[in-house]
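After the structure tokens below, expect a handful of questions from me.
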């Protein structure tokens, strides 16, 4: 198990590039690398089956359509959706959240309604709701988190008493590493009559997520954070919401009939996919799912846990470190700071040692405000990382402390 | 010159696939095939430079950012934009039109305003305006076309007297093959105080288009119709419009500051690019532009003209054929019907002879209504097509006539 | 040649002399559907009395496959119960997708069998199914309405 | 080591003992900017009298590069004309992007030269430029306002 990182690395050509020799890539929460299986699946599509899907009466177009719809079926299976109709392809998780806001929420929200988010949301699952609230004079309410980065569920319960229309919450935080008890939260939200939008950008890549078991209303995630290509994301929309959803982007396949003064729409899910779609992206995402399934999502989660546990243990021993987020049950993104070293300077130092970590607010400025910080450094792991790489990180941090000593 | 198709074909692996042996691909108005240079550019990005752009303080992220912004510069140069700020990456042309509607038009349109479109628009440059008009109780007005598929400019002039807010027009029709006099139309529209949205989906791939010379306000096009990848498109927005444009999708890079109750936006063009972008797609589009520039857009246009001219000449000689669109100055998409053979049956027959043509309404149902048709067959050419392939098409049509004789 | 498997003589017959072409004067089921990708349209009118299809007609335009399929369908379903119709639709769908079909269709006989070649032409499955999809949706609306009326009635007598 | 080129001793000095840190009591130029990608913030206050920067202060927080750059900048521009400041900003931008700079900067002297190592770290260019971008935008607003006031005045005397 601890060897997963070693054995699997070979499949990722980026790590074999001489220019990236010795690279310790620890920015997986931002985007992952791609195994050759994913890139080759896209290449195969372009070199053998490429055509504009859905509309051609010739065989090549049929193969393209099949590739696209097979990818949709694969996504549906991967997250346990009841039907492929519930899978809408988007550009990324961000667009998927916005689509929920424009396609559904704009049609049901009323003045004075409440929308619940949490203080640990990524901007992508926060600002769309902020703007929605502004458009409808609705109230945006925040569930806070405690010193361990855990959501304050008593606040959540109190807010549910307002009978909010929408609850938008992330399953795993990219800034704190918190894994939220979303199954329970969904149950309570539903009991209060709310519709739940789950941000799976950091969960779907790392653990088995089953929308039917969760009984979630909407789930969003991005292909590029789970070995898949850039430019493809997913909105899962439970069938019960379909009739209340209206198209947002118009043109191309999403249409069934156009007349001079009005038009009619195609069926789900195509009515939300306007214009020529990123078929190669969907094909690449399907290949990524195959890759992850071959490993098994439990093995993926186990590897994350191994690395994260070891990293937390080692990091804690560094003098002058502050770790943000939970002590236990920590997701694979670890935010921290070293006293007196700005995370930006730290990242530059580590980069010179070929260690790629993120520094900044991680698109979670509310988290930073709450912690009274401008920025943190963040190391985030995935299947190709190894325990030795964690050691490299720790060594790098020790050297950085030494280097910046005189700046303190 | 007449050999361009032959020499260039080698660079397109799809044509070398045994499964596609002898394939005559004549559905280029729907999507083109990709040269290996484009697919390899994307692969190179994934295998050497992949990271989440804009936000990382490490070198890999810097290379990713550079790749993305270089691609933007290349697009700007290709269409003669004054600055890269004017280039917004989208998923496709369809999304780009919708973005104009939501980001700009929704903020300036007033009840009773007029919007001019033409009867030959693709649904993607029609339905967004139809819906915009519905939202604002504005009037959508159509410029008709004559028996030769030419816009009726006298109608256009008459409509301009209403001092419309918006004129949306395609430069080249995908359904009729008409090449519209857009330079002159833009001049007249500006004189009437209108803002012009130009649909370049069928022009940018086929001819030199210079936004500065045209002085156009907005231009949209898709990468996949010009040798580039699926999942990447472009909105050119003239600088003079920027201050009136508001973001549509929220989250990720498009933000500069987030607070509990409000947020501020990043600068142009990023403020319209929410979430992680399709960097590989942009890189692939840049490679496609390099490929086209190496050929020279004049050579591309010349090759189109050669094939289109020859095809029209040959098609005219077929008994029972009806050709739609202009007699002369015809773009590289040719719509036609054979008496008594439904285009869908015709496409199936041709497909059996490995000739891929499109049949249907080509997402231009108003054109079909106007012509009193349900559908046409369409052959559309690009740089890798040859005169021999036109001969194959003609032979195929003759055989089809023979095959379906008894069904007449 | 595969093409001859698609364009069988029986289809030719139905295409040239479509059965039940037109519009019923007094239908209680009426639905128009469009194949969004080729523009083909069909208008189906039916009379369903006591759960049995007593009359049916189709109009519209389209390719050989969609027109012949509509013609064959109207011929087959007349006199059938709604239940039987639904079963046949499912079997027909299997047939055009896979080339094989179950027993009910066997009883339906030769004219339906003539669509077994469609499975080699996946892009044409939609054409073959257009009339049947219209039929199923029309019947669904009808049942809905029916139930609704029943409900109204029962509530009225409450 | 390239890192030592970035983190030069002179920067250390400015970072540990920032010059002109604080907020002016009576500024006529005031602007706050944020580096959206790292969260660094700077608040710049200036007095510009008759086209000359007579006083300046900065506050905020950020990395070594952005803080040292702000400190050096405030030291350099005091006493300069707005025109000179703009020229220097351009030169400085060249310096941090390419490692080379033109004559004006030479006259500016050693402390600015210490930023020549930034060019090896493209992701840090934004840090080095933050204070200067804020300055330029602040001056632009000021001029705008100024012109506007001038216009008002001339209209008033018309």
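The first chain written gets the first letter, and so on, giving A, B, C and D; residue counts start at 1 in each chain.
Definition applied: contacts are C-beta pairs under 8 Å (C-beta built on N, C-alpha and C of every residue); 3 or more make two chains touch, one makes a residue touch a chain.
If you're wondering where the values come from, they're calculated on a predicted model, not measured in any experiment.
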| item | value |
| --- | --- |
| Touching both chain B and chain D (chains) | A |
| Shortest chain-hopping distance from chain C out to chain D | 2 |
| Greatest separation from chain A - chain, by CA centre | C |
| Comparison of A-C and B-C by number of C-beta pairs in contact, larger one | B-C |
| Centre-to-centre distance between chain B and chain A (centres being mean Cα positions), rounded to whole Å | 31 |
| Inter-centroid spacing, chain C versus chain A (mean Cα positions, whole Å) | 45 |
| CA centroid of chain B to CA centroid of chain C, Å | 38 |
| Cα-centroid distance, chain A relative to chain D, in whole angstrom | 38 |
| Per-residue multi-chain contacts in chain A, two or more chains | 55-59, 61, 255, 257, 344, 348, 359-360, 365 |
| Multi-chain contact residues (two or more partners), chain C | 37-38, 123-124 |
| Chain B partner contacts - residues on chain C that touch it in the complex | 1-3, 6-7, 12, 15-16, 37-41, 61-65, 121, 123-124, 127 |
| Residues of chain B defined as touching chain C within the complex | 342-345, 348-349, 352, 359-361, 365, 368, 374-375, 403, 406-407 |
| Touch list for chain A against partner chain C, complex | 54-59, 61-62, 66, 253, 255-257, 266 |
| Contact footprint of chain A on chain B as seen in their complex | 13-14, 17, 19-20, 23, 25, 27, 30-31, 33-34, 39, 42-43, 46-48, 50-52, 55-61, 91-95, 97-98, 122-128, 130-131, 134, 140, 142, 222, 224, 229-233, 248-252, 255, 257-263, 274-281, 344, 347-348, 350-351, 355-360, 363, 365-366, 369 |
| Interfacial residue positions of chain D with respect to chain B in the complex | 34, 36-38, 122-124 |
